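Multiple structures follow.
Note that subunit A is present in both complexes that follow, paired respectively with subunit B and with subunit C.
What follows is the complex of A and B.
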């Protein structure tokens, strides 16, 4: 009874749209939302899955973006959390620094990096100039654009991983660590054989939460490269691709098919990760 | 670390000292990497467009508020600021009203399956909902109004609130309500008089986070807002034209969006951290 209003709301806003997306993916709906559409079966899916020009590269970029960002964020996040673990002076300042990127508006963050990485007047190239490295194209280069946006994601979201890891570390009991210390284990051994195994459930949670969001990254990609992920689609992930199909080209049927495939990919990743989590427990 | 075991501390004071210095240097580097870009954003917003292009004025320049004056007077920014505040607060309050009782029910009666449905909302890509919403709402001629924006932002806020409040209620002892019921309160009465007042901290956490997420949300507003209901993240794009970018104005606009949310975050640090890590360690 308490839950009824929320459930109805969620049902209307999630389940109904999901069902509609499935329906749309089986029609040739395009142009205007009021235009009549025809049922065409799985033709959209065939078209999407055989599209090696836009769909598969976008899927590849999504995987590349997610895996790279995630790997760096988890390792960096763990290191920073370990540095922060035991109390020290000035802790408050570090905590503020960690919080600010997290709450900063992603679009504004994208714009900020766009200025810093500007090839002509950006601070990034100025800094490279001081140490004698030639200027890089960063966001404007076809091969450097995606790694540059990954860097932005790392800047904004590593703090999230730090917070999760820190919560995990502080909930650990000191005893296994003390026992290992008594047995003469050094700091590295204690980390790899005591702390890390105990932290594995937290690590998986961090990976789970971050991968959900990294797969769906939209704001910084759109803010830095605009529609279609740049003129050569160099940062076009599945999310950007589906957005473009829906709202730039009004190909609702086709974009719904892309979204359903995207949706199944995400569910699949979540399923694998949660199974892995149970296995560790 | 050293205080707990003086024997070990005495044996390797050198190693400990090195670690302390290393740790200080490493943390200083982390802080620098996280804050410097933001400082850069604010500094650029105080430069003229000429100074932004001038490499000799990287660190030393005469600050000017010209960009802010431009942003706030010429571009209707007060309207966009109001829009953002209105959409974020309305969607937060409505989501709290719907979400808190729902989270309570799910926690107390362990309705894990319905909880799963709500959490699905976190996993689904927003765009797969936007297409059908756009279909329905544009047929109802609601696109461009506040109603549809608030509804769409509630979609982000509600699951977040349910998630945080569930872990909050889970950690609250049942005995309090039970004894209240023994003393003659109905279950709803017990919820209203005992549980709700005790969960103010949790609601603050959930509310602040949902406000931040709504304030920062870009994709929904990009599609569903109209010229009169544009929110700040969308309005930023006014400074990017096809041919050129008004960098000074853009940075001032970006600062205007980011500063209020950062001030809120600074004053409510504890809540934000506990909200973001809610349930993360329990698994």
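What follows is the complex of A and C.
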């Protein structure tokens, strides 16, 4: 009885959409999901998996975005957490300032950075001009657009990693560090051989949470480059691609197949990460 | 244990939005005294919003208004209409963008009886082009409210300083853009939309003026015709050679208009319905220096598009269709159309255009340019297909290639193959 609300939640909000999406992915549903559609088996999956023009580049961009953003956020998050670990003057102010990007809505963040990175009137190029550096294309360049959106993700989400890392650091016992110090280990040695191994479960949690978020990033990319991820699909990840298939092309069957493949990719990544976490424990 | 961890994993992974295509359905609300109206952000909407209390007083009905940006509006329709929701009664939609697809999916109620039953309201007064665009399979499915033509916006002061006349041909436009950009540091000779999909509509006037079209008379792709190739090279070349220094390929009208209204471009081609953005001192630094002219003539003459950009329709799933029609009828009377037109929204009624009061608030040169464009205009500004979004992406490809200095001829050949394939399967 007590489990009923949870069962209803899982049934309605997880199982039903999942089953419906699987069903759509096996049909040629297009134009309208209410229009009659035919069961076509795995044809959508075959079409998607052999699509080297949009699907595979989008999958590559999703991986590139996730791995790069994650790597920088974890390293930067750890460094900032270490700096904030020990008490210092003005600590509260610094903590509040660091958390500010986290409370902003991703769409608003995207629109704000879009204005800052405007190639003609944006503040970023004006600043470069003051120090004599030529204007950069930022979001408008074919090769610079994706790194620029990664930068925006890092700006917004590193504070969350800092929070997780700080929580981990403050829960560590001082004794192993003290013992290492007594044995003459320097700061680097103490970090790499004492603090980091003890922090590994926390690091994995941070990676797990951030990797899910980074994989499914949508708002920032859509707010800055719109449908299709820009004129050359330069920031089109799997999420943006699936969204475009649904809402711009009305290809519901294909879109569902992309989302199912994406779903299994995420399941795979999570499986690997949770196995790794168990191993560390 | 294994089953539990799989469930946990699935719960975590379900954070991906796999539900985007799976939408709930609406409830069966009976006809009510509340009309739910969904409108796009537009000057027309601002005018009608201010007048809604009048309608509520006259009719005794209550209006519940939802106002959204173009893309959000479109996405919302896709979700709600797909789900058969009755939450929308009156909807503002784009006849050329969504009309065919919505009508084919029977999302739009048949208004033929309504528009023909009230002679004093006057369906006959509507211009032929907008009427055709709002009709599907012989049935009227929408009432046009806003029409658009592409015109040339220019900076009077820059032309005067350079001693250049307002360009009447494409060659003159190019040489004027060149001369002004070379004489004024930091000022682009020409600016226009650059985003692959957004640029298609504004590129269309260039395409027609060069003698081309997206499709030929038999419905086959024509984007690699000689005329089309020349048009792609010309439009993209103008921006590549004389456009803003760090030109982005993501510009739709707000970005391109911003460059022009900040005083950073001499020429700009855009829809006439957006002219207030350029002449309103609170939005434009060059409000008193803007001039308007018809699209310069290409080898085939000056052939801008002349289209109904927005219309009002009734959701076929609405249980409140009679009251919804009352709202549409009120919002589109001659008086309201005249009021909207005087506020800067070019309307679809012939009588309003014939009335000197209808153009009294327009800059004289703009009214003249609109008159010319209305006469020469082509009734579409994008391929008339079911999946317009995909078609725009395909035919817009060579525009961006030309803007970035690539081989737009080869890109047009490529687009022609892709568009041909698309046309065979469009709407299936």
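The rule is short, and it goes like this: the second predicted complex is superposed on the first by the 281 of 281 C-alpha atoms of A that agree within 3 Å, B and C clash if a C-alpha of one lies under 4 Å from a C-alpha of the other, contacts with A are read in each partner's own complex, and residues count from 1 in each chain.
As a convention for this text, a contact is a pair of C-beta atoms (placed from the backbone, for glycine too) under 8 Å apart; a residue touches a chain by one contact, two chains touch by 3 or more.
Note that the structure is predicted; figures quoted are calculated from it, not measured.
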item	value
Subunit A as common anchor, with subunit B and subunit C clashing or fitting	clash
Comparison of subunit B and subunit C by subunit A residues contacted	B
Subunit B versus subunit C as contact partner of A:106, first or second or both or neither	first
First, second, both or neither for A:239, with subunit B first and subunit C second	both
Partner chain(s) touched by A:259 [first = subunit B, second = subunit C, both, neither]	both
Partner chain(s) touched by A:202 [first = subunit B, second = subunit C, both, neither]	first
Subunit B versus subunit C as contact partner of A:35, first or second or both or neither	second
Touching partner for A:221 - first (subunit B), second (subunit C), both, neither	neither
Which superposed partner A:14 touches (first subunit B, second subunit C, both, neither)	both
Touching partner for A:137 - first (subunit B), second (subunit C), both, neither	second
Subunit B versus subunit C as contact partner of A:267, first or second or both or neither	both
Clash-bearing segment of subunit B, relative to subunit C, as chosen among 129-137, 183-191, 201-209 or 273-281	129-137
Touching both subunit B and subunit C, residues of subunit A	10, 13-14, 16-18, 20-21, 24, 33-34, 120-121, 212, 215-216, 218, 226, 239, 242-243, 246-247, 252, 255-256, 259-260, 262-263, 266-267, 270
Residues of subunit A touching subunit B in the complex	1-3, 5-7, 9-11, 13-18, 20-21, 24, 33-34, 80, 83-84, 86, 88, 90, 93-109, 111-113, 115-116, 120-121, 123, 126, 155, 159-160, 163-164, 166-168, 171, 181, 201-202, 204-206, 209, 212, 215-216, 218-219, 222-223, 226, 239, 242-243, 246-247, 252, 255-256, 259-260, 262-263, 266-267, 270, 277, 281
Sites on subunit A touched by subunit C in the complex	10, 13-14, 16-18, 20-21, 24, 28, 30-35, 118-121, 125, 135, 137, 139-140, 212, 215-216, 218, 225-228, 230-232, 239, 242-244, 246-250, 252, 255-256, 259-260, 262-263, 266-267, 270-271, 274
Of all residues in subunit B, those that touch subunit A in their complex	1, 5, 8, 23, 26-27, 30-31, 33-35, 37-38, 40-41, 44, 52-53, 55, 58, 98-99, 101-102, 104-106, 111, 114, 117-118, 120-135, 138-139, 151, 154-155, 158-159, 162, 191, 212, 215-216, 218-219, 222-223, 232-233, 236, 240, 247, 250-251, 253-255, 257-258, 261-262, 264-266, 269, 272-273, 276-277, 280-281, 283
Interfacial residue positions of subunit C with respect to subunit A in the complex	5, 9-23, 71, 74-75, 78, 81-84, 101, 104-105, 107, 194-197, 244-250, 252, 255, 258-259, 262, 264, 386-387, 389-390, 393, 396, 400, 427-428
